[in-house]
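Below is one structure, written out as structure tokens, with a few remarks after it.
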Amino acid sequence: MPFEAHILTIATFLPLVGSLVIAFLPREAHSRVRYVALAFSILTFIVTLGLILGFDRAQGGFQWVEDYAWIQSPSIHYHLGIDGLSLILVVLTGFLTPLSILVSWTGITERVKEFHILVLALEAGCIGVFVSLDLFLFFVFWEVMLIPMYFLIGIWGHGRKVYAAVKFILYTMVGSALMLVGIIFLYERTGSFDYTQILSALSSGSFELSHNVESLLFWAFFLAFAIKVPLFPLHTWLPDAHTEAPTAGSVMLAGVLLKMGTYGILRFCLPLFPGAAREFATLISWLAVIGIIYGALVSMVQPDLKRLVAYSSVAHLGYVVLGIFAFNFQGAEGAIYQMANHGVSTGALFMMVGMLYDRRHTRLIKDFGGLATTMPVFSAFFMIVTLSSLGLPMLNGFVGEFLIILGSFHARAVYGSLAAVGVILAAVYLLWMYQRVFLGEVTDEKNREIQDCNTRERWMLTVAVAVIIFMGVYPQPFLRQMDATVAQVLTRVNPDAVSAQTEKPPQAARPLRGTESLGSERIGESLGGRASRPLSSYPLAALKSTTGRTPAVPGLSGGQTR
Amino acid sequence: MIPLSHVLVLSLILFTLGAAGFIIRRNVITVFMCIELMLNAVNLAFIAFARHLPNLDGQIFVFFVIVVAAAEAAVGLAIIVALYRNRNSLAIDDVDSMRM
Amino acid sequence: MEILFYIFAVLAVVAGLSVVLQRAPVYSALSLIVVLGSLAVIFLLLGAPFIAMVQVIVYAGAIMVLFVLVIMLLNAGHEGPSHHRAKFARWAGPPLLLAFLAEFAIMIWKHFGLTPTAGSDPLDASPAAIGRLLFRSYVLPFEVTSILILVAVLGAVVLAKRQL
Amino acid sequence: MITVGAADFIRILPEIVLSFFALLVMILEPVTPAGRKVVLGWVAFAGVVLAGVATVGIARYPGAAFSASISNDGFSVYLIGLLLVIAALTLLGSMSYLERDSIDHGEFYALILMATIGGAFMVASTELIMIFIGLEISSISTYILAGYRRGELQSNESSVKYFLLGSFATAFFLYGIAFVYGLTGSTNLDVVRETLANPGAAAAQGPQLLWLALMLMFVGLAFKVSTAPFQIWTPDVYQGAPAPVTAYLSTAPKAAAFAVLVRILIGSFAHAQSAGAVIFWLLWISAVLTMCIGNLAALWQSNVKRLLAYSAIAHAGYVLVGLTAGGAEGATSVLFYLAGYAFMNVGAFILIAQLAGPGERRTDISDFSGLAAERPGIAACLTVFMLSLAGFPATVGFFAKFYVFRSAVHAHLIGLTVIALLNSVVSVYYYLRVVVAMYMAEGKAEASTAALPRAVGLSLALSLIGIFFLGLFPSSLLRDLTSIHLPWF
Amino acid sequence: MEILLLLMLLPPLTGAALNGIFGRRFSQGLVSLIGCGGSGLAMVFALLAALTSHLGPESPAFIHSYYTWIQAGSFRADFAVYYDRLTLIMTVTVTVIAFLIHLYSRGYMEHEGGYYRFFCYLNLFLFMMLVLVTGASYPVMFVGWEGVGLCSYLLIGFYFPKKSAADAGKKAFIVTRIGDAGFSVGVALLFWTFGSVNFAELFPKVGALGLGDQQKTLTAACLLLFLGAVGKSAQLPLYVWLPDAMEGPTPVSALIHAATMVTAGVYMVARSNVLFVHAPGALQTVSAIGCITAFFAATIALCQTDLKRMLAYSTISQLGYMFVGCGTAVFASGIFHLMTHACFKALLFLGAGSVMHAMSGQLDMRYMGGLRHKLPTTFWTFLVATLAISGVPGLAGFFSKDAILAAAYNGPLGAPWLYWLLTLTAGLTAFYMFRGLFMTFCGESRVPHEIEHHVHESSSKMTVPLMVLAVFSILAGWLSIPKALGGSEAFDRYLEPVFGQSQRLLTSSAPIAPHQANEVMLMAMSLVAAGLGILIAYWFYLKSPGIPDQLAASFSGVYRTLVNKYWVDEFYNWLIVRPVAVGSDKILWQRVDTGMIDGAVNGSAEAASDIGRIVRRMQSGSIRSYAAWVLAGAVGWIGYLLLR
């Protein structure tokens, strides 16, 4: 069926179609433009949801692959496909775009047409980045996507918008320039831009990279991604860009664009250059840890709400990188999950800061205070999002952070411990911010007649919060999408972690009495669904093979023997 | 017998003189004449080589160079006239309204 | 034979110097004519009678007249005092020129040493020979020069005609 | 016994067609009524189109002509085609311009055609005499064109500068030829190649003097393509010349000169022993210098024409990177680059000519501020040109760079590639300054917001089509390029 | 069974959700109905579960997994309940007390704003607390652990317009989070060591170890877990948040900061007994910290004039007792005290609340006195609780506290100094509790007049729970009468399946503590101490009230130290808070981030443009210079030829 065959193309270019349609609308028809944009973004979201439904978790490789020759010399292919990793990010993009259109419903009043054209174009670019399997195609999307973002910041931004926009684009391009060299070099060596071909060539050993070359290539790619993430010393573009961007821009920037960095690391740096990845893991993990602490501390003292959230992003993305370079399932899956979390939570935070800005035209914390009395509903939503952002259990943030702490702890105890310290600091700066903005007496008279959420905002936030809670309470559906992908990445970079998983299934909590066998069966089933896959397995053996810290317990294979 | 190098050095000297004139003279026409001087130096080299090889192509080349020089002279002087009309001066140093 | 060459060589150089050193364009022009003349003689000595003639007729005859004409037309007198521009030319020019001369001369000397200009076999540079060559192998350039001249005419007209 | 036959003339058919139409325009000039001079422009355009047809035609008759002074190979056909495209775009773009500033038409179109003829001969001939004459034709006509607004000080100044310095450089070029002739006994590049290629010949050992000759010729050509330090004239001349002329100037003669450079360097001299090192470093150093000077100096420009002049220098640098890489890959990438660059640069200058308004008063970046609000279409168009020049994907600018860099990486010039890429990042900054002015700066646009004349619109549309088509399907052109059998490979 | 437990868990959650989302539109009556209904149902089902669960030595625990929560690689945390006798006791205690306090709050909160918020939070708290005690794995326990932390944050900051309240809430959350961080790291360590964090897999695996295996790792893990407990249960050095937490409404202080949440740490240690006994070092740390905290807090309580703050410090001190109980590996005693303490401390707080209610918010004991006649019920119930906490024989406190004292001396890891210090503390406790009692209810009234005339006994809504709790405070103790008094220590035996194995491990392996004293002796000691305390209090505050001031004057140094709580808050502020805040602002942000890192970025940009400015100088505009440049180029290249 053609629709299914080209679903990825549709998902990628539907937004572009939308912006074309808008381009033909009259300039003054603001509301019409908005509705069309919204319709198309929602349509895209539905398509991406379709991806989930048809996605086969068990299968490791790429799905819905489309592969057509695009350019003969050099042979560049229009090669799309998704796996668990890209699936989640594509859906995230599809989810955030309608929200960011909605959030600027009233905030954007001039050049409405151009604005929505650009937002949709941005979405197209982002999805393209996540679904393209041809290095060249990937790079094309990677670069193209900068332009709409640049305009969004530069035209509809505030303050030093031009400075921020230019800084953003130049900073990113420095990185991508190096990546381009890497891509071309790889092509010259392998004669292909095709990710899957290169990967198989590398993993089958049919094509070797010398140690130095591999390291150089690794850095060529990694720098580009690290800037995007942004990893600790390369982060200074972020606060400016975030602060000056319009709300929608910040949402997309935080929600999607930052993920491209971590996505790239997982997709390219680790599988293609595992040796180098292992070699530099320590250095990078340390940078990530520094980022976590540093981001938290600096964000604590920011006077500007958006800047505060921006620096908090530095910390959160630090977690992601840390998890990735833990090279184990917990770390990797936690990292991917954290990407999604950060997308939703920080996206929501930016939306709400934007709402405040629309009302008061200031983002300075000191201009607020006591809002909880004047806008209770809003402050309740804000509280929940804040909590998810500081990683409270039962909200999405916790799952990711906990798994990352777990994984990184295994990589090196000190990482995990410092990451845990980061969790404390998160509580510090977020709660302090919350207190200064919402608690206490209403100091500024302007805050007295401030309006509480209107219906549109209420619905948006409800959706966001619902997702936050769902992801926190029942993360399984998301996590399970990743297993196969993560397994593949890890087989490249840290085979032990995988082989560790392929052993006898875990001894789930075993009932202690005949009558409760009922319960046990339940567990059995709940396992049975997954026990078939290699992942869920008995960890003790894993530790035997990975770490020396195995309890010297002969013949103890878990489970009670009473 | 005249050593080839002597002829070439002569042409070189003339060429350099032309370049020198271009660089030190401040009247546009003089500068232009210096260019003609350089072209002549080149011609001399051609003739010398033509004699040395021996091979007539060099002389043909000189012939064309002279033609080109004539054409250039016509256009160049026209440009100079236009310049003079605009600025009422032939000082080459005045022609620097665009810089950096 | 050689002596003539050296005489006219010296003459050419001296005249060339005065082209460069004269402050009044007219004198430069006249010295240039001297250079052209002496070069014509040298061409003759180097077995290029036809070119020598062309040199005298076209160059000295036509082009230089044009020059003098323009000089008169624009009554270009002595150069005014140089206001201090062209710094780079003034401080870097002379050394560069010397360097150029030196480098170049060294190379020429290294390569040719004292090999005589006139090779073993003679060179038939009769107008007939040149004509044959010109209208056979070099017919295309010859034709194309017409376009060149056309351009020149056109340009002269466009740039010099008074009213727009 | 050399005879000239029909085949010879067929192989220069495009040039003949062009000359015919040049004459036609000049003849018609006096008889066309004052108001209707634009017709001449269309006549010239028709001529270019016909010449294009002829070019396609002669592609079928490869081979040498006029006793091997013309080589009608894929290389020359491609470049002649390119020159014609540039000429066509320029003609379309200049008609209303001349109309608006009431400059006399006829000679202008004729000169454009003649400059094109000169270029065509440059790229087509393997005979240094022909190359020299072609060079002179195109140079002299462009000297005149540069000073075409002869009332204007700047136009006239640019013409004076271009003319004097051009002739100065030409003298070096000639001197170089003289020594090549003296050392190889011929002025025909093929002969020169054979001489150098055969180890017996004295010149083949690559004596200093031969390289000296090469350097001298390089000075002449480098001047035309404006590589450092011979780029020196470019900004002033481009800024002063009428914008449509600059459009032509910055593309056509440059392309022709590069073609000659390719023929001389890769075609002939590369075959001498020990040529590798000399030519390599010659190009490598020039490339780096040119890119850096062009991009860094451009950061400071506020006049759009001057800005683009510096960008033109930078682009010459990128082309040199391709040349440095050498080999079939390098040559191909250079050819592609020249085409892509032609589209974006001509388009940009034509549009600026339009925006600059009567008398080209409005060429400062600040004049464009707020343009997007008033003329979104035009602003978007200019944005596309800028982004393409900056080398963003989906535009030809990206692929042009990509191919060049790829050939460089292919030749293991990683260092050079990185330098070039960083340069292109720097360039993004100043290209975006124009965009910033149009979209993000407050204020009322000073630039002319008059409606686009049809011809200009057509020329812009063609450039845009070129940019996007080659930007999305470069292989359509590249396939032909790779299939070109360069005679010396 | 799993249904019952689910039914126990869900009502509070539902209640919270209902009140939280729609509460603003509900009437007070409906809100309180939902709230109390939620907790009431929870209690009912908790009791039902307790009755129907046939736990016995042969089947110590019921485990059921509802669904898999997190799974990544070999890590797996099900949302599962682990129901053994310890859980049973906890659920019952928690639900009962919670229910009573819900009832109480109906009256107490009548006139406060945000009625619905209050009950929403309270229900949510109950749910989280139950999750904490029923969770079958550390991650799930952690859910409740952080959840209750959240609720305490929200409830402390209930009067958020008051800055002090907001500050207190934040402080509570952050300080406890320090512990939580340790907790999560400990969990990670356990996971990577034993491959599981589910009790049902972890404990047997550890239990099978011989004493001494894995000791380093286990000690580390246990200490990390204990760090969590220290934060949650307000022990040294992380106790500072609890006194401030009194900013919250009094029922909250009663429920969260006295009866239940703060005891979570104790529960967790007891729950992890299997791990702890394999790390004696950790256990000794526990008892040491507990003991010192108990004494330390008691001394501070001596000079508090704010009734609730005094109670807060006494809570800290009592928690110290419980930790000693666990630390000496007599976990049952710790839990026992936990239970009894829950009753009487809740009672004390509610009493204080009732007083506060009557005094229209006034809580400074110096402006009370003689309230006995105006608030009879409150007085008598308060008296009962005071006697109980002071360890007067026959009341709950007596039995549980003496169990701990005995453990401190005779327990497997007991040590005399623990006992002596605790006994002294018992004396102090008796003293300050009665001091409070006397200053509040006895003597002549010092109440300001504007308040005096409308001092009144609280409504039945509030007094009934008081009385119920009073009854508990009396009876709870009799669950376990020490052997020494011919009792059977039913409670200990009941919990034997939970703790027996670990205790046996220690008693078998560790050499019997050399000092085995007669339990009666020990009891007598503590009685003496308590008696003295009461007498002195009576003497000071009823007989001759002048003495305290004289003492304060003569020992002014000591006095000021105690009044200012040893300046601990100030110390932390000076040591940590200020440096971090200022450092991140002045150094990290302004110097490092803006200055160095961003400076480097912009610096490179400027460098480029500076070069550009120099380069463009060559475009001097002068033709002659340009010619010179061309010549220069030629010379350069030819020179290159010569030099190459």
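Letters A, B, C, D and E name the chains as they come in the text, with residue numbers starting at 1 for each one.
Going forward, a contact is a pair of C-beta atoms (placed from the backbone, for glycine too) under 8 Å apart; a residue touches a chain by one contact, two chains touch by 3 or more.
What you see is a predicted model, and the numbers here were worked out from it, not measured in a lab.
Note: the chain lying farthest from subunit B is E, by mean C-alpha position.
Relative to the C-alpha centre of subunit A, the farthest chain centre belongs to C. Comparing the chain pairs A-E and B-D, the larger number of C-beta pairs in contact belongs to A-E. Taking each chain's centre as the mean of its C-alpha atoms, subunit D lies 79 Å from subunit E. Centroid to centroid, with C-alpha atoms defining each point, subunit A and subunit D lie 46 Å apart. One simple way to say how far apart two chains are is to compare their mean CA positions; for subunit A and subunit B this gives 68 Å. The distance from the centre of subunit A to the centre of subunit C, each centre being the mean of the chain's C-alpha atoms, comes to 73 Å. Residue positions 616, 618-624, 627-629, 631-632, 634, 638, 641-642 of subunit E each touch two or more of the other chains. Multi-chain contact residues of subunit B, defined as those touching 2 or more other chains: 18-19, 22-24, 26, 31-32, 48, 52-53, 55, 57, 60, 64, 68, 71-72, 75, 79-80, 82, 92-93, 95-100. Contact of a single residue of subunit C with at least two other chains is seen at positions 85-86, 89, 93, 97, 100, 104, 107-108, 138, 141, 145, 148, 151-152, 155, 158-159. Every pair of chains meeting the contact definition is listed here: A-D, A-E, B-C, B-D, B-E, C-D, C-E, D-E. Partner subunit A is touched in their complex by these residues of subunit D: 373, 376, 387, 392-394, 398, 402, 405-406, 409-410, 414, 417-418, 421-422, 424-425, 428-429, 432, 436, 439-441, 473-475, 478-479, 482. Those residues of subunit A lying in contact with subunit E across their complex are 167, 170-171, 233, 235-237, 294, 297-298, 300-302, 328-330, 333-334, 370, 372-373, 376, 380, 387, 392-394, 398-399, 402-403, 405-407, 409-410, 413, 416-417, 420-421, 423-424, 427-428, 431-432, 435, 438-441, 473-476, 479-480, 497, 500-501, 506-513, 516, 519, 522-523, 526-527, 530, 535-540, 542-543, 547, 549, 551-553, 556, 558-562. Contact residues on subunit D toward subunit E in their complex (touch as defined above): 160-161, 164-165, 168-169, 172, 208, 211-212, 215-216, 218-219, 222-223, 228-230, 232-233, 235-236, 277-278, 281-282, 292-293, 295-300, 426.
Listing the residues of subunit C that touch subunit E in their complex gives 85-89, 92-93, 96-97, 99-100, 103-104, 106-107.
Residues 15, 18-19, 22, 28, 31-32, 35, 38-39, 41-42, 45-46, 48-49, 52-53, 55, 57-58, 60-61, 64-65, 68, 71-72, 75-76, 79-80, 82-83, 85-87, 92, 95-100 of subunit B are the ones touching subunit D in the complex.
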